[in-house]
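First chain A sits with chain B, and in the next complex the same chain sits with chain C.
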Partner chain A sequence: MFKLIKKGGMQKLFAFSALILIYLFFAFTGKNFTSSATTLNILASSYYVGFLALGATFVIISGGIDLSLGALMMASALIGGELYRDAGFPLWLCMVIMVLFATFVGLLNGLMVTKLKLPPFIATLGTMMGCLGFGSIITGTSSKYFPTILEPDGWFIRTFFKSANGVPLGAFYLLAFFIITFIILNKTKIGRYIFAIGNNEEAVRLSGIKVDLWKTLAYVISGLSVGIGSIFYAATYIVVIPNTGNGIELQAIAAVVIGGTSLAGGIGSLTGTMIGVFIMSVLKNGLISINLPAPYQVFFTGLVVIGAVLIDVYRNKRASKVKLK
Partner chain B sequence: MSNLLLTMKDIEKSFPGVHALKKCTFSLEKGEIHALVGENGAGKSTIMNILTGSIPYDSGDIFLEDKKAHFKSPKQAQEAGISMVHQELNLMDNLTVAQNIFIGRESDNIFLNDTSINKKTKELFEQLNFHIDPEEIVGNLSVSLQQIIEIAKAISHDAKIIVFDEPSATLTEKEINQLFKIMKELKKTGVSMIYISHRMNEIKRISDRVTIMRDGEYIGTLSSEKAKIEQIIQMMVGRVIYEERKKVSTVIEGQKPILCVKNFSSKDVNNVSFDLYKGEILGFAGLIGAGRTELARLIFGADKKTSGELFIHGKKVNINSPFHAVKQGIGYLSEDRKRYGLVLGMSVSNNIVLPKLTDYISGIFINESKIKEVTKEYIEKINIKTPSEKRLVKSLSGGNQQKVIIAKWLLKNCDILIFDEPTRGIDVGAKSEVYKLMNNLAKTGKSIIMISSELPELIRMSDRVLVMCEGTHTATLKLDDINQTTIMEYATQQ
Partner chain C sequence: MKFKKSSKWLSLLLIVTLISLVFAGCATTEEDEDQYISVIAKGFQHQFWQVVKLGSEQAAIDLDVEIYFTGPEGESAISTQVDMLNAELAKDPLAICLAALSTESVLSQLQEAADKGIPVIGFDSGVPNAPAGQISANASTDNENAAGLGAEKMYEAIEAKVAAATVASPVTITVLSQDATSASVTGRTIGFTSRMYDLVVGAGLTASVTGDYAAANKGDAATSAVNITVVVGATPDITDMTNAATGVLSASNLLGVFLSNEGAVNGVLAALNAGSVLPEGVQVVGFDAGAGQKAAVSSGLFLGSITQDPFQIGYQAVALAVKAANGEAVADIDTGAKWYDASNMEEPDIAQLLYD
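On to the complex of A and B.
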């Protein structure tokens, strides 16, 4: 753990100590907060936001933003449900199509940003609204149901949500996905180029690198993560309702920012993003354990986001003051 | 005779880990133009930032007209009559000239009064004997005119002292002449000026006295008229530097050109053709706006050309993007290295291997140890001063940043290198090193195109000089014909 803090710098240290502090706070004040049931809940409620946030970290480090995350996840889950219930596709095929669809939309986002030169905010705002509408259109605005634990395809829940004896398997998939994305971002040239582009896109282009390709890839990774996230969302909630899912992208972006990734691009870490995801998850379950209803979670998440970014801004300011010669 | 306007005595300043100023002294007389020189890191900017209240100092005294002064903010300094024209322009592109000059002082009541500030701006320019429309949008003006607006802004504060931080770095010869004219006008009205510059001949031309600093210490003050340039440089660096002018071209006669540019045209370039030979340094001369950088960017594929053909080693090649250019062995060192050359937030090693990263992959993973090895080799080879290859590029000095970019293209093994203003904003010592490096590259068979607005530098380095004027190629001068007068003649031909 110490090595992790050393490598990631101050912001991650702040985020990590905030996570510990918040956890300790609820451990002392909350009812049954340290019980295994709550711990499982903390892990369980971080699944799908976790996938979205990990993917979004790539886009944000590249200097872009992806607002389509939430709506795309819902659209992808609705398509899966439609194909499963109404077209009678086998569940495994539905899952593959869900992932492919989201990846394809990610590719569209990337191409709009790189080839059509649209600002990422506008391009992904467009796909966000498109996805919201598309999900409603193909389902005829009716809710879609994934198999419950009692149906023949009950393995879906037992594999992607909780095992028969209550082990939150989703958390393990998230951990595995974190490790894979961590390697891609830190050990391969995809990651190195994405960092460089976020820092200074023009300098990278003038170094003879195909900037458009790597930038598009960041959006594709984001789309792929959304596709995988949609499977876990479906397994967690079973019922997918059209025209919902607004604001999930903001939760994911909040987690990324809490973890110290700069919205200006070029700086960021996936470890930080995971810490951000868990801070939000601990907050959610902690507030329930002290008997505060759901709206409080949103409220306090807001405070944490502002606090996290404030610390970052002041730290950077002090750092640049020292350098002024 | 107490003609003294400003005295700074025994100024001490430390940053964490750096003793930036050691008992530094500076004095300024009324109506004087006082040059301040020193290598980067000598403390010129620090002492000027202290004077203008931008940063606090540890100890020492500042006297303004015999009264003790201590400015806690740039605003306080401005109110006392001290203004600074920064090297980087601080103008708002979408506002008019007048709105920029009177920003923060628009009117005395809550309503804006553009008529009044336009009138005041007009008077200001008349006083400077300069004609710029107060209602023009600043973004439409050239960089040099914008610089003049910065100066007008400083004057409009009723400044008694104006500090110029390397204003000439972005100006051409002609514009520098205009700037000097303005400075002389101001001097007549009793304004004192401090002029920071790296260019020795300018200092001789414009200043009355020159103060030299080195490593945070005051070295001495000389009369600009009497001082010899060699003497000033020696005081600055504490050692003798000299790079001789080329007498005989090292390019082998009768060989085929390595690069052949035919009929290149675009919005800013008009039908330019030229050849480049192995081991040659080809200078590109011209005023700002002559289209030299634009031509270089066309060759490199950074911008789209409307027509033209390119031959490398006699073979026709299509270059539509920097990706293709780099593949063909062309490297481009931009005039604005922070914007176009470096990934400032990344380490020295990451910057050096950037174009060649694909060669340092084992399987799917980046091979960090191999990268470390090769960057260390290049850091040593071209003498980049950095504590480690992991240091962020933004914390290096200008000269060392430039060397990082050179290392980048050398590692990529480019045969054709385009140096666009390679010594802009770097100090005398580092300049001399860059020259040496370029000469060595040429000797080992690399071909170099060198764009420069500093004529002495072009004359000293080039085997041939290509002169451009307003997008057109006006002359190619052979080694024996290269001199200041001829170049300027062709550069202003149209």
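On to the complex of A and C.
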């Protein structure tokens, strides 16, 4: 039983029960909350945060943090929009470049943390600001928009957001990405080393493992996820505005923490992260369904995050007590 | 290890259960609740939107409907507004009033509303360039009429000097605009110049409209006693607007200046701060409100300004939505504009329209 608690199983259970309770609450009180339209919205508004949060889970388990998620996603989407609208690149090529750019910035984050020994908080704060500025510079501070459903490239929306008859296709991509990252984190050397580094970096280093390599890889995975997330953001919202996007990383990090991943590193799960993403998404749509204004969503998400971290702190205390015995 | 593994598979199973639960939810029939109207604004923080909200709430009381007024945290929060619109569509309202932050980002939602038979009413700037038929009607300021009101007020103040003008010693009235592209600013430019032209010609004088906005041009400046000129800043940036304003104020025989939005007003105020002088007797008329403009009006520096009527924008949007929901034919409504100057800007019904 202690093993379960230590590995975050208990919190996953808490988070999952919370998700069910919140869902049931809105199902009974909200307007049309159980309708297919609302269900689609819950799934659709979780796409991009979902990709960001899955990638961020790797970084946080490794004992780091990535504050550049939101700004990087927007910078990557702005680059795509600029190349598509102004340089006339084909859309598929823009998407490839968006993913490559974000992955490259992820690599930069990783190298700054491992080679330059910058604290992750500062390194990624720097890239966050850099991305905000870069997005504005390359677009000349004008907003960029991706193809609308009325344009020939409308397949973009029909492929990555939802199909013409309303199937939330993005949810399937997110599920597929979840399965892939789940395997990487739980079934491969990459995942094992990232967990180990988060638990005790020094011990891993002393046992001759290339800590820098695996740690950098965590940031690269995060960057890659952001790049993919930017495609889904663009397909869902079409318009991308320069100098926005900071704050989205906090939603992603909140989802990770709600899902039981410890900010201290070494403990965490992608299943939990997905639960966290859906808790935020259900809250977002649920509060509107009971006619509460937008600021309440931010407020209640804050409460949920505090609750989740409280459990995390409590669990760490329990775990250290066990160790002392 | 066994424990750990099984807990992971258990959670995976739980996730799958949840997703199927959510999909099962789709099948349940929707409850029949009170029908209501969604009002989705561009934001909340400007006083402008607070007054729009008051107007829509008053309409809800008068027409005995329920409304839900919402909006994103700021005018760049497009994703929040799209999420809100999605959520409102899912609630099957009788009608939706929408002031879209971006038309492109709501096109699929407009299509969905059309498919579901939910009428969409545009308010304030509405949903510009939306596909034909997807916006039932708009409740917005008719910018041409509003600027025309400014032309009338200015004409009253300069009528005697205009009457004395001749082709040999012509006078100039200038419009300063921040761009020649946005619908609201070009509408005001056209509205002011054409009304002023009509007033001058109606008084038996010759007039011309020339300058940076070709669509407004009329007559020949060389043979006119009254030259109405349009000046458009190089960019809407405050520095370019200030440069443009400096040029406008240094023109000879200047009688009046119309500033078609807050950007133009701020350009003139910055030029005056930087040393330009407002020649004696030149009448300045502004548009919109804002702290600097209100101070200029209350101190008498400006003759007065035109303000939109956000209360009516909110009120008429809901009124149109109710009509459209009842299947009645609806058409665009001009929500009007109000003149304010130092004498009336403290009156409560005017003061509430003067947002900062």
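Quick note on the criterion: the second predicted complex is superposed on the first by the 307 of 325 C-alpha atoms of A that agree within 3 Å, B and C clash if a C-alpha of one lies under 4 Å from a C-alpha of the other, contacts with A are read in each partner's own complex, and residues count from 1 in each chain.
The definition used in the following text is that contacts are C-beta pairs under 8 Å (C-beta built on N, C-alpha and C of every residue); 3 or more make two chains touch, one makes a residue touch a chain.
Please read all numbers here as calculations on a predicted model, not as lab measurements.
By the touch criterion defined above, A:205 reaches chain B but does not reach chain C. Legend: residue contacts after superposition of the two complexes on their common chain; A:189 is shown touching chain B, with no touch to chain C. Applying the stated contact rule after C-alpha superposition, one finds that A:266 touches chain B and leaves chain C untouched.
Of the two partner chains, chain C is the only one touched by A:291; chain B is not.
When the shared chain is aligned, no partner comes close enough to touch A:115: not chain B, not chain C.
Within the superposed three-chain arrangement, the count of touched residues of chain A is higher for C, of the candidates chain B and chain C. When both complexes are aligned on chain A by C-alpha atoms, no chain A residue touches chain B in the first and chain C in the second. On the chain A side of its complex with chain B, the touching residues are 183, 187-189, 192-193, 195-196, 199-200, 202-210, 266-267, 322-325.
Listing the residues of chain A that touch chain C in their complex gives 1, 3-4, 7, 9, 12, 16, 19-20, 23, 27, 31-32, 34-45, 143, 145, 148-150, 157, 161, 186, 233, 236-239, 241, 243-244, 269, 271-272, 274-275, 278, 284-285, 288-289, 291, 293-295.
Interface residues of chain B, counted against chain A in their complex, comprise 15-16, 18, 20, 41, 45-46, 49, 55, 300, 302, 321-323, 325-327, 332, 334, 339-346, 350, 354-355, 357-358, 361, 364-366, 395, 408, 412.
Looking at the complex, you find that chain C touches chain A at residues 3-4, 7-8, 11-12, 14-15, 18, 21-23, 25-26, 28, 30-31, 33, 68, 70-73, 76-80, 82-84, 86-92, 101-102, 104-105, 107-108, 111, 131.
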